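Written below as structure tokens is the structure these notes are about.
When the chains are written out, they are named A, B, C and D in that same order, and each has its own residue count from 1.
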Amino acid sequence: MDWSGSIKKMKDSTQEYFTRHKIPSGCAVFGVANEAGERFDGRMLIDGISVMHERSNGLGGGFAAYGIYPEFSDNWAFHIFYDDTAARKQTEDELAKNFKILLSEKIPTKKVSGISGPPLIFRYFLDTGDDFKQNSRRKGADKTEQEYIVDFVMHINKNIRGAYIISSGKNMGIFKGVGFPEDIGKFFRLDEYKGYLWTSHGRFPTNSVGWWGGAHPFGLLDWSVVHNGEISSYGTNKRFVSGSGYECTLSTDTEVITYLFDLLIRKQKIDLKIIHLILASPLWQEIERMPGDKKELVKALRILYGSALVNGPFSIIVGSTGFMYALNDRIKLRPLVAARKNEYLFVSSEEAPIRKVCPSPDILWHPDGGEPVIGMIKKNTVKKEAGKRLARLDNRPVEV
Amino acid sequence: MERKNKTKKSSELIDYIIIGNSAAGLAAAEGIRELDKAGKITVFTEEGHLNYSKPMITYFLAGIVNLDRVSFKDKKFYSVNNIDIRLNTRIKSVDTAGMSLMAEDGSRYRFKKLLIASGGKPVIPKIKAAGTDGERNRHFNSIDAMNYKKIGGIFTLTTLEDAVRVKDYIEKHGVKRISILGGGLIGLKAAEAFLEMGIDINIIELENRVLSATFDRRASEIIEKKIKNKGSNIYKNNTIKEIYITDGRISGYRLKDSRKMECSLLVIAIGVVPDTGFIDSGKLRINRGIVVDDHMRTSVKNIYAAGDVVECLDILLGENKNIAIWPLAVMQGAAAGINMAGGNKKYSGGFFMNSVEILKVPSISMGMASAEGGKEENIEVLKDFNQEKNIYKKIVIRNNKIIGVILVGNIERAGIYAGLIRNEIDISSVRENISKEDFGIIHLPADYKKHLVVGEGTEV
Amino acid sequence: MPERPGDDRMKRIYIQEEYCIGCRLCEIYCQVKYSKSKKIIKAYKEEMVDILPRVLVEEIGYNSFAIQCRHCADAPCVSACISGAMQKNKNTGVVTCDEDKCVGCWSCIMVCPYGVIRRDLAGRKIVSKCDLCVDEDIPVCVKNCPNEALKFIEKDENEKNMVKSRNGKKK
Amino acid sequence: MALKLTQSEFETERDENKCISCQVCVRQCSNDVHEYDNDEDTIYSDNLKCVGCHRCESLCPTGALKIKERKSQFRTNYNWSAGHLKDIYRQADSGGVLLTGMGSDKPNTVYWDRILFNASQVTNPSIDPLREPMEIKTFIGRKPDRLDFKINGSGKNTRVELKTKMYPQLELSTPIMFSAMSYGSISFNACRSLASAASQFGTYYNTGEGGMHKDLYKYAKNTIVQVASGRFGVDADYLNAGSAVEIKIGQGAKPGIGGHLPGEKVTKDISNTRMIPEGTDALSPAPHHDIYSIEDLAQLIYALKEATDWSKPVGVKVSAVHNIAPIASGIVRAGADFVAIDGLRGGTGAAPQTIRDNVGIPIELAVASVDERLREEGIRHKASIIVGGSIRSSSDVIKAIALGADAVYIGTAALIAMGCHLCQKCYTGKCNWGIATQDPYLTKRLNPEIGTRRLLNLLRSWSLEIKEMLGGAGINAVESLKGNREHLRGIGLNDRELAVLGIKHAGEAW
């Protein structure tokens, strides 16, 4: 049954389905970051991911873009899918109760053949109010502002039928839906956005269920994750994050990986540089050969965070305000290619997209399993553009 | 130098000369070859057979083995070990000072090292005789070692040649009963063979029982009874006073008790003595046998002796004694050979032991088995006699150590006792088990048991 | 003094009396090996009459062990043998009795401190003793011991084991 | 008493065509079932004495023996089963509590057999354990809430240094350990086999409550020393010798019941090891008389940690009872570094039959609810969970870990590897396999070299099978199996059972 064709009728059960079932999928991932913080528009990503058409099957595509809302860089930007106006009304009531809404609008789209049955797609720029700004505590509750956002997102996604927050960070946004990624890009008019860090995803789910909320990237706060593969440690990872209050509502690998990043980096304060030692831990036989200090460190990480080891095939690209991070599983069961040209860092499932947008990179390599690729964004440049008005973007092509 | 010049013919200098081609001599040759692969070894023997085992002659006699099988080393032994063997060569004299010897044919040999392993020779008593020989009608007044061979039907039984002759004589003359003078070891060994052949025997024994030296009264009785049951006789406290000769052959004899007996074949088996007559002793010490130390060295440098010709340590007596038995001859010979070739092997001494089977009754005696205790306070005797099965076991214990054993009827595991004697094991903790019929290693004192069970092999 | 290669490197049967369970399967399989058919049921039911096991189990209470010829380095039985039947093979170290040569004088029985040579009266008078199953990879008594109380190993290995077990033993 | 209302439970079937009267069976039976009649050269067997241990059958060189269960037929009665009748006959004979050995044999649901494991197909590659690393190393012990680091340098020269001091951990080469079986309940040779196998394989065995024989101190690195209510053999040396300390509160076969080693089993060696007079009964009280509540347990844990200089994990073993989840939570909060849970079907040397068969809950349900509870409370990392009580196969291990265990304890399986045939007569002291006995005639039958080798083989084969199953599911580290209930499916289970186990039913996708 093609549920996407009758999404209005089936939306409740579709979302229900997604929250109950894990859907394994193959995929294409492609990410580009400008480490200098220079922004470029979404066409490079659309161009790139389009050459990996074969890796998708039209049941999901999406993009995450950072630096696209400089005029609201200090405010929370929520992208929300609604199945209907009732869900929107209910959600907006909740938003109003919990935030100061600075701007709410429909996200501009255009008609593209191959994209059908989109939900209602809105974005909101929100302020949490003075309490957090002053105390980073709110009404005596033992929470940081970020936890407050996480709780709110979880609450909406879990409890309001027909509403789904797909993006909840600052100065970033996620655009995704059912269709091939290049069509989704055009649908969302991404050529009109400029960001310094983009990731994109083409999806090949192994069933015919297409649901806009289930497309990738998955996002929470500033995190966005695109992922290729199917991890075998899902249950273990899920139980691990659940011990810290993360509830996996989507049953996707991407979701649980996002939570792992959030938990390890934001909550446990583990340095980005060693996060791969947890997510794709070295083998014991490698650990045994390490010098004393390092061995002790890696062993301790593995003992404590064994349940955060992501097992089975994956290549992921994680986007965040300050960096782009790509990682392969430890025995490299999925492809990952990286390249650099000047300030640009490319990571991709295949070499072709990189060659498409950057025919002669300075360096191109195939990272080992468990070897991270990190692009750090120089924050100064980002700051410089903050405060600009939300505006349509010019069409200047990116030159690399 | 001077001495060398004395030697008339320019004689060969041989690295190792061995007099005697039997147990001790050949064990020595092997011992030499363990260390010295090249040195020349020459073995002299007065006998004509390549090699044979003396204890085997009674088995040959009994027909258990034929002439081909009396050898204890195979034919290749001499070539494999590169040994020059000189048969039919009686050594006439040994010049211990000149380090040379002369054969009966007059040839002289010089040696670097000499082993005397000439064994023993039978004792022939002087007995009054009456009669003439067959050929020259020569009259005999008495027989003795010099002339007994000239009378048909009188034999000793210590060499293969003796056995061949006895066998021929029996066949030729259809002998049905054989008299054996001497009820000791050799006599009984001969008796074993004749009984096996189905020939009745008369044993004439000076003492009041057979095997008086090695058996006690009970053991002797069991054997005597067995012999008598078969129609054979034993004349105890007796000896031959006169031999009757008819046509050069023995026809009868008169016993000490005056009884006259018919006899067509007499075996004289009253004992052997070391064969040392040919040695120009000089400084070489000879008591009853050649005296050797624990490395089988005689009192003359580079001259060794081993086997039945020597007297050396009896571990039970604690002094030298001539114990003429095969196992000791082999051990002595092996030690002598190794020492001759420059090695260092101690001969740790031995004690008497013997195995004889009369009419399917096996028996073994070892050590000071005839002791009865009582005389000496520290000697204790354990006996176990099963009349029904005719099984007898006797253990002689001195200072808590076994010094003698007699087993009759059941000899299984006899060597365990030999081990206890040799290793001087204190058996006080296992005394109650020691004479049991099923006595075994498991009954032994814990340490010795462990040594046997856990170890890999003994150095007895 | 050159070593006899046979003795130091030969595999011997070592006895672990603490693990002998007194089942006597060693004796049974030894008898079967020297039976005509070498088939256990047939051997026992039809041929067994007088086949002697060449391994002996001694047992008192819970103490027991199976013992067979130790194939001594300096074998007293070989010295004592008057017929040349008892020989120690210099290459293999194995002491065997050539049954064709043996005359049944029992000299070996007289000197063997282990008491592991027995009179075999089934046919001609000869002795019966363990030949270390020279025609098998592992002697049948060892192979069939259900508790590995018999081991067929080299001296070095045995010494290693002894050290090990001594460490594990009460002082 | 001439009248016997109980019938023999087994019969030995002897094929006379094969029996060679070699008497191996006669010599091997400690129950005197077989008797050789010299006059007739025949062996007679007294079935009434047969316990079905199969020793004679195993050693019979001709395969002439077969042990069969002898089912004498009672009138069919669904209420009064043959078992009930026989029990009452025995009780009417003896007037005592019915004793039995080993784990419950009652037909309760074995949930392991109602759970199926997953494998990869297409969307995720399975991994070949023969060609790819497959990691089953496991750590037992308390994990810190988080790690602190010190970061030195920057860029390529960044060096991250660990600041947090880790709690002591047991490092297991496979997530399987040998559970507590005391010297006394089993023979020295059995203990030595366990110790030496654990040591050679890189895992742990548990002394049980009987102290540690001095000859086993050399295996101390691979030993968990147990402290039970009798405190047998406990002193500072003992506590410090092992690599971990386990406080035994209860045992799956007999929750709420103490132990009793009869005086005749307290041989000289055992008396030395247990530090009690030779020949006296070794009585373990039902409770620890210094632990009447959870705070008392906390004190004992603290005391043991002090006594061992905080250098070893200290854990607590409990029976799986109805409130196991909150009990486990309490134990973790009392400071235990691991919780060992022993399920309903766990083994024993001797237990009242009625307790063994009727008290406690199956380990599968217990581990599921304990893991869930500790996670809910956010304290799952504070203690490892070790489960035991009838882990029969590598697949049971896999399932236990997927339900949330860190490692398993095997007791019965280890004994079976050493020869146990589950005749359930351990309490008679006549174990024909030399395991549950102190009779020197019988203990000889377990050559520890063989015992060790068989245990090593068991560990090796289970470990290989675990690796095969992990690889099949596309997992190359056992950490990624822990609590991974997505890889489990129930079969023939109702919703309640599925809910407690936290798994979906077979046929339901992710």
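Definition applied: a residue touches a chain if its C-beta (ideal position, glycine included) is under 8 Å from a C-beta of that chain, and two chains touch if they have at least 3 such contacts.
Everything quoted here is computed from the prediction, not taken from an experiment.
Enquirer: Hey, which chain is the most central one here, using CA centres?
Expert: D
Enquirer: Report which of C-D and A-D is connected by more C-beta pairs in contact.
Expert: A-D
Enquirer: If you average the CA atoms of chain C and of chain D, how far apart do the two points sit, in angstrom?
Expert: Chain centroid spacing, chain C to chain D, equals 42 Å.
Enquirer: Starting from the mean Cα coordinates of chain B and chain D, work out the distance between those two points in Å.
Expert: A distance of 70 Å separates the two centres.
Enquirer: List the centre-to-centre spacing of chain A and chain D in whole Å, with centres computed as mean CA coordinates.
Expert: Here chain A and chain D have centroids separated by 47 Å.
Enquirer: Could you grab the centroid distance between chain A and chain B? Build each centroid from C-alpha atoms only and quote it in angstrom.
Expert: Chain A and chain B have C-alpha centres separated by 106 Å.
Enquirer: Among line, ring, star, complete and other, which one matches the pattern of chain touches?
Expert: line
Enquirer: Identify every two-chain combination in which the chains touch.
Expert: Taking the chains two at a time, the touching pairs are A-D, B-C, C-D.
Enquirer: Note which residues of chain C are touching chain B in the complex, please.
Expert: Within the complex, chain C touches chain B at residues 1-2, 7, 12, 14-15, 17, 56, 58-60, 63-65, 67, 70-77, 79-84, 100-101, 103-115, 117-119, 125, 155, 158, 162.
Enquirer: How about chain C: which of its residues touch chain D in the complex?
Expert: Interface residues on chain C, with respect to chain D: 16, 18-25, 28-29, 40-41, 44-45, 61-62, 144, 146-149, 167-170.
Enquirer: Quick one: which bits of chain D touch chain A in the complex? Just the residue numbers, please.
Expert: Listed in rising order, the residues of chain D that touch chain A are 120, 122-125, 127, 132-133, 135, 137, 139, 143-144, 146-147, 149, 151, 158-162, 164, 166, 169, 371, 375, 378, 380-381, 402, 404, 473-477, 479-487, 509-510.
Enquirer: Contact residues on chain B for chain C in the complex?
Expert: 27, 34-35, 53-56, 59, 64-65, 69, 71-74, 326-327, 330-331, 334, 338, 343, 353-355, 357, 362, 364, 366, 411-416, 418-419, 422-423, 440-443, 452-460
Enquirer: Within their complex, state which residues of chain D touch chain C.
Expert: 17-18, 20-24, 27-28, 58-59, 61-62, 192, 214-215, 218, 269, 439-441, 444-447, 449-450
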